[in-house]
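Just passing along the structure, written as structure tokens.
Letters A, B, C, D, E, F, G and H mark the chains as written, and numbering starts fresh at 1 in each.
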Amino acid sequence: MMSSDELRQLLINVNEGRLDVDAALDKLKTLPYEDIGFAKLDHHRALRKGFPEVVLCQGKTTEQIVEIMKKLGQSNNTVLATRAGREVFAAVRAELNDAVYSELARTIVVQRGRQPVPGGNVLVVTAGTADLPVAEEAAITAEVMGNQVRRCYDVGVAGIHRLFDKLDMFKWAQVVIVVAGMDGALASVVGGLVEQPVIAVPTSMGYGASFQGLSALLSMLNSCAPGVGVVNIDNGFGAATLANAITRLFYH
Amino acid sequence: MMSSDELRQLLINVNEGRLDVDAALDKLKTLPYEDIGFAKLDHHRALRKGFPEVVLCQGKTTEQIVEIMKKLGQSNNTVLATRAGREVFAAVRAELNDAVYSELARTIVVQRGRQPVPGGNVLVVTAGTADLPVAEEAAITAEVMGNQVRRCYDVGVAGIHRLFDKLDMFKWAQVVIVVAGMDGALASVVGGLVEQPVIAVPTSMGYGASFQGLSALLSMLNSCAPGVGVVNIDNGFGAATLANAITRLFYH
Amino acid sequence: MMSSDELRQLLINVNEGRLDVDAALDKLKTLPYEDIGFAKLDHHRALRKGFPEVVLCQGKTTEQIVEIMKKLGQSNNTVLATRAGREVFAAVRAELNDAVYSELARTIVVQRGRQPVPGGNVLVVTAGTADLPVAEEAAITAEVMGNQVRRCYDVGVAGIHRLFDKLDMFKWAQVVIVVAGMDGALASVVGGLVEQPVIAVPTSMGYGASFQGLSALLSMLNSCAPGVGVVNIDNGFGAATLANAITRLFYH
Amino acid sequence: MMSSDELRQLLINVNEGRLDVDAALDKLKTLPYEDIGFAKLDHHRALRKGFPEVVLCQGKTTEQIVEIMKKLGQSNNTVLATRAGREVFAAVRAELNDAVYSELARTIVVQRGRQPVPGGNVLVVTAGTADLPVAEEAAITAEVMGNQVRRCYDVGVAGIHRLFDKLDMFKWAQVVIVVAGMDGALASVVGGLVEQPVIAVPTSMGYGASFQGLSALLSMLNSCAPGVGVVNIDNGFGAATLANAITRLFYH
Amino acid sequence: MMSSDELRQLLINVNEGRLDVDAALDKLKTLPYEDIGFAKLDHHRALRKGFPEVVLCQGKTTEQIVEIMKKLGQSNNTVLATRAGREVFAAVRAELNDAVYSELARTIVVQRGRQPVPGGNVLVVTAGTADLPVAEEAAITAEVMGNQVRRCYDVGVAGIHRLFDKLDMFKWAQVVIVVAGMDGALASVVGGLVEQPVIAVPTSMGYGASFQGLSALLSMLNSCAPGVGVVNIDNGFGAATLANAITRLFYH
Amino acid sequence: MMSSDELRQLLINVNEGRLDVDAALDKLKTLPYEDIGFAKLDHHRALRKGFPEVVLCQGKTTEQIVEIMKKLGQSNNTVLATRAGREVFAAVRAELNDAVYSELARTIVVQRGRQPVPGGNVLVVTAGTADLPVAEEAAITAEVMGNQVRRCYDVGVAGIHRLFDKLDMFKWAQVVIVVAGMDGALASVVGGLVEQPVIAVPTSMGYGASFQGLSALLSMLNSCAPGVGVVNIDNGFGAATLANAITRLFYH
Amino acid sequence: MMSSDELRQLLINVNEGRLDVDAALDKLKTLPYEDIGFAKLDHHRALRKGFPEVVLCQGKTTEQIVEIMKKLGQSNNTVLATRAGREVFAAVRAELNDAVYSELARTIVVQRGRQPVPGGNVLVVTAGTADLPVAEEAAITAEVMGNQVRRCYDVGVAGIHRLFDKLDMFKWAQVVIVVAGMDGALASVVGGLVEQPVIAVPTSMGYGASFQGLSALLSMLNSCAPGVGVVNIDNGFGAATLANAITRLFYH
Amino acid sequence: MMSSDELRQLLINVNEGRLDVDAALDKLKTLPYEDIGFAKLDHHRALRKGFPEVVLCQGKTTEQIVEIMKKLGQSNNTVLATRAGREVFAAVRAELNDAVYSELARTIVVQRGRQPVPGGNVLVVTAGTADLPVAEEAAITAEVMGNQVRRCYDVGVAGIHRLFDKLDMFKWAQVVIVVAGMDGALASVVGGLVEQPVIAVPTSMGYGASFQGLSALLSMLNSCAPGVGVVNIDNGFGAATLANAITRLFYH
């Protein structure tokens, strides 16, 4: 990444004849994006930080996914694929024999390169068992990004005593991810109890007037407990990425 | 109500000449609705049970409301007017000087006739202070219908400890009416705690993605705690009427 | 369940040395949820009242369902599973040979333990034949919870005379569950006729502008007959649970 | 409408010199729209049939409305203005002193020219008193178009016995216009009772989940009674125009 | 159908001893629906008028459908089944060998009894070829009810010249049914051209922002041409029933 | 197109005997649609301009599609079929052996007749790889209509540097088609950068709160960059047709 | 604007010592946005092309608007303000006495600088008179940007003959802007008739199920006539900007 | 706050007679909420951390607000009131003369007690000037909670170069709050550029298909840049609270 200092050096090099004009021009032409500096340049960042390359399988053919993962695997990066069906994993495994599949989360992980630096403490909470796939996508993503993850599943407000039994977990966490469908009420209850950042993930679980997650989404956006950030319905990956953006403020 | 026996007697009366054909015909003509018997014939029921006549002021002119209430007041019935503005009350008061107004609930009550028989125990709970108008409409309606009402306001899940401090009230109640806007999560939490029937009233309080109560409505319909019945947004009157239909199973 | 008296006794036991501090501490640590007292503690309640354990099959794998039902069946509780496909039943039956399936309602019932105490009178009404699956889920749930259930199907307002022919059933009922899709008008008509609590269940039957039950849902929420509580689309189970919460006010 | 034969004759007339080129050209120029024949050419139709000119005031300034009505009034046509406020009427009355205003319906009628031929029998039914403005717009429109109109107001299904008392009116009608808000159930009940065409007008009356008439609209579209045609929310004028299109099949 | 006169006669018969009380009681017991008089009593009407019995197959099992149709077929009535799949037809045909299937309309017709009296002229128009299934459901329904039906397909406004070529058909019709998806603009164009009643049927054809027919539905409800009645999305049957209710005003 | 002058001349020709009545009649009969002149008369336009005939396969059976394409192929026109599945192509290929299929775009092209005149420069841009099918439908449509097409795929704003690397392509284009799902933000970014017309195509890619493309659609309609025209969700064909309408202003 | 050539020259200047490193660094630092080259840099573009500065008044205070317009007016640029109330104009006029107001369009124009080069031919069409404010915003915007504008108002499809009478206008236009509310059908009809690009502007005119323009918006997006681009509801300004982007392809 | 250690001590005190049973019982009774420990007990937290008490004025009367703020002001806490109109401020100021009002943000701040410890770096970014009120609510809230706040306003993607000019600000921030209406695209662009947590606040600015912020909300939820958390429409306060929950992970 070209810093302001590097830019100065480049010009000095031109000035002092160590770099001819055309070579400098080539470098500068790519500048509008290479030089932004704070941008998420995935392959650079991955090498430095163990941050994974990510492939969203939905909307891609198996052939496309395999090709992309092979290419990414050739660099020494960890690769995470989300929303991957079993048959996609079979095809990937034929090429990358260290690929690991979670049937519940529908994720493929190819662990490579240096281990990520020790990350933050992320707690993933679900209201019900039907929310597990989304929760596991969040949990595995957070782990691959280098965080410690604890799971606290099936503690929905219909049996709120189950939640109060897990207070130690909540104290341990730096970020809490709440995964819930239907009434989404767990996000408000957790948001009212903890002082840490809460990331709410509505799920499409439910039926009827849940309208594929709309009910939980609206409920979470209207949480009467402030300090709750919401991501897209079923977006466990996004929640973990936001959690990681928070925890890495400490460690990176 | 005209029972099968009464119908037989009517025919016998015709047969034996005690009732002439035209008189019988008149009685029978009205049969499809007068004889249904269990129907809510408002003026009859009101006389028997102290149940109020009800006037929904919304969508009516002040003149219409005054005229209706004067007419109802001439019978010895209690009258309840809902969604009544202050200027409507002033006009009604000019005619019925025992009319009582609740500015918060926007209700007018003209108490008449026999006192209602002692009714059930109805608890009205709100998540926030902004839900008070709807809650008071429910509370006053339930009271006018002869129920004991207790109020437990501002116990939303963002400060769920406030709720747990009111356990005695919940044990006392036969029916709990939960009034909440925004995330509507209080309905699920209460529904998960109590075994009594819970009636949830979404309110249009809030802003943005609350969409005038849609958020709370969907959340309540999707309550993961079963045993919660939902009424229309801001419909405190409807909730109290349903609560009364439940409590009067005991007393009437 | 630890009552206030029991709590006092525990402290006295500590005071008088009959209980050491660590044992008391263990008991008190679980207090925030064991001691709430009025909470629905499913296994306790089931043992006392014949109330069933309930498993919502939707969103769970067959393996998960079988495992849960085996475990619940080991206690002497009645178990009710809803939204269970035929293949789920086959797998459950292989483990619990007294499991009974309703193909129409998609419920599995494993009747165990003491018979429930005689419950209330619940009438289930449908507008059309396509509403039967939801109605049967409601009816079977209410029965398993110990209520007398009568069915009055296919009496939609397009042929309203069919409804008027069933007046005796309506008089018998303590609670009426109305199951209807499309225009949902039956809920308003029934709500206008009877004085008992009415629980309306919109169904996703229909096509086009029924929008998977939204039409019936909105219609029922806007019922011009007060005293109607609405549950989620297709939620026969929820309607029966609310009905049972009402009838058990008499019997428990 | 100019038939193929008439077109041939016109050309023969030109060919044989009985019609000069310019006169023929004039006729042919208007052909794409004047000659379509069955088109609603307002001024022609109005002169022939007493059908009114119609001005929708909404979205027009008072000045525009006055100018249009003055111009229309100069021909000997009857003019109907809908959605006209009181101040609009005052301005119109200053120019057309035979203009008649209905405050309830918000219509202005300037009766002119020949009386319309005797029309059909149109019954306008409402569920509640808040539906009266829309119902009156329908009734007055139907009358101005030459129909006999009877009104049957406040017979909503919450008190369905009120409906059954009006059977004679229903038998009299050739077309029934049902005006209802909230649950819109009256349209289904009426549609299930009568064999005549039913035109349903949802109204924006109500609150909360009525969503400004959406609830009634969806309910009416999903009427389980076939033979119900629906018009836009609050569109009393449109309902009357459709009713008139039906009744004039007899008389014109 | 028992008229007021017949009711009087029944009472006179009782009075004069020609009918004993129990026999009269039996007759009167059925009165609330048999005696309404103008109600659509399907089997009676069918016998008198050749009007078909109708079975909506959607939401029923094949077994249920076959059983219903066999029973209806035992009376001498014509039976119409809508939304019937090919496998449903095969099962019906095995029992009723004169059943006729339309694969396009997904209707089964069993023609029985007297021929219907000559009915009205109904024109069915579609915007595109994808609207044909709904149009054919309308056309076949109208025919079975005894109407003359003409079809004018694929005349959408994107090639509006195709519409203008069919003027004779429009003149012939007493009622026009317009079937269109997507923009639904054809209903407005036809409504602006003809003076006869127009029944608009939105279809779920299209993709994206057609939202399964919502786009066409809203467009048709907002038709700037008054005199257009709208039925549910894809409801060809309902449109034909309304058309028949109109045309039978002439013939019955 | 027949102008007023031409119409006059026709009549003069008849008048002076240079054209007989039947020949004139033939010309005039087609006038309401053949003579409108600026109408899209597909077969004429196709012959003159190489513009293709288009068949939307969705909603048609394979048999219908084959029949239509055979008929169109008999004239010497180029034919484009959109939304064609692989099995449709197989059936078409059996009849038209020069048919070419794009599996990605789901288009069939039968190139015939004269080559289109050189057309405009159309750039098709996508946010992600999942948008490729819609983008290819647009690209192939634009090419078949005679435009030069360049593709700039996978330059979504999450990696906005990729976009800035393609400036030359943007300068080359006369029209830019932006294809994006989910947040649809690429349309605003491109619209803010370029001065050429931008046509935005929302796609149904995504999940959860993308609501099948609604999110991208609303985002694009609300683009804070003016000069963006939006077409239906997934409507690559429509975008290309609009682009072609723009570029042909230069060349035709 | 820094071109590739200028960038090379800058480096040569550094190389040859004519520019020192710090000065070059300063220039390069601003490069990511000054050098994009084809970006709409409003003040530059305005000076070169007579293109106006634009101020959207909605959401700004009168004070803010006046301050912005004064500042813009100090350069010699033409300024266009949209959605400006009468009181905003009064305040602007006090500062800029050559400001011109259109009450109908709610626009303020301050004409300055060089006259724009002669632009394209833009036709603005409306369905009704209530659409005029949006149409005039479009027309005035297009004119200020240097286009010839013709208006063709009140030609909605309910009286489609009015449209056919204006064929010359349609031939004259290079771009057609169609402004329509309610059913939005005019966009489809025009799109089916003309070959030029059509820009559709839904308006919020109407009531009930028009849902503030949603009905027209969906209808236009689903236009069965391809080649129609849609802008936001009531966005006359956006339509004109897109039209101008098209016409300026010819002239700039 | 009662820790596990304190609970043990309490029991020891009882055991050793230093605390009698009734006193212990009183303490334990309040345990379910006083002892949760990590709960946001506002007054305690405020005293310890300078965190403000917050009053949401919307939905409360001026009298209620003044009473609450007086009471809160009597403790030595800082108080923040949001959505406060000018007249509310006047009434508050009469009681608390150190209250400070922001007309833009509609906030009242009463600064009291100890200064908050130095907090994090929060950057607030807006797309346009109309988003300022929401942005200022966020900025002032974050400041009152003890954060450093920088503002970067009016850098929407329609002029994306303005954004790139502010790179230093983005590098400085620990959390970025993006406030945008209409297309909400700025959230995606910022989310794609920075690695820090991004909190997106949709605003209700805009018109037409922005649907009071729905468009921006959906766009932000579907951001193709992961790591973006969304709060309710116009909820600047909520965004700042979440930002503060993140930054205080460092400092508290």
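By definition in this document, contacts are C-beta pairs under 8 Å (C-beta built on N, C-alpha and C of every residue); 3 or more make two chains touch, one makes a residue touch a chain.
For clarity, every value in this text was computed on a predicted model and none was experimentally measured.
Between the contact lists of subunit E and subunit G, the overlap consists of D, F. Ranking all chains by how far their C-alpha centres lie from the centre of subunit H, first place goes to E. Farthest from subunit D, judged by the mean position of CA atoms in each chain, is A. By count of C-beta pairs in contact, A-B exceeds the other of the chain pairs A-B and B-E. Simply put, subunit E must spin 180° to overlay its Cα atoms on subunit H, rounded in steps of 5. Taking each chain's centre as the mean of its C-alpha atoms, subunit D lies 25 Å from subunit E. If you average the Cα atoms of subunit B and of subunit H, the two centres end up 39 Å apart. Distance between chain centres (mean CA atoms), subunit C to subunit F: 55 Å. Annotation for subunit F: residues touching 2 or more other chains are 32, 36, 39-40, 128, 158-160, 164, 192-193, 208-210, 214, 217, 221-222, 226, 232-233.
Interfaces, counted as pairs of touching chains, are A-B, A-C, A-F, A-G, A-H, B-C, B-D, B-E, B-H, C-D, C-E, C-H, D-E, D-F, D-G, E-F, E-G, F-G, F-H, G-H. Interface residues of subunit B facing subunit C in the complex, by the touch rule stated above, are 32, 36-40, 45, 54, 164, 167, 170-171, 174, 192-199, 217, 221-222, 226-233, 237-238, 241-242, 244-246, 248-250. On the side of subunit D, the complex with subunit B involves touching residues 128-130, 158-162, 164-165, 205, 207-210.
Interface of subunit C with subunit H (complex): residues 4, 7-8, 11-12, 14-15, 17, 21, 24-25, 28-29, 31-32, 35-36. Of all residues in subunit H, only 30, 32-34, 36, 39-42, 58-60, 64, 202, 204, 212-214, 217, 232-235 touch subunit B in the complex they form. Interface of subunit B with subunit A (complex): residues 127-128, 156-160, 181-185, 187-189, 191-193, 206, 208-211, 214-216, 218-226.
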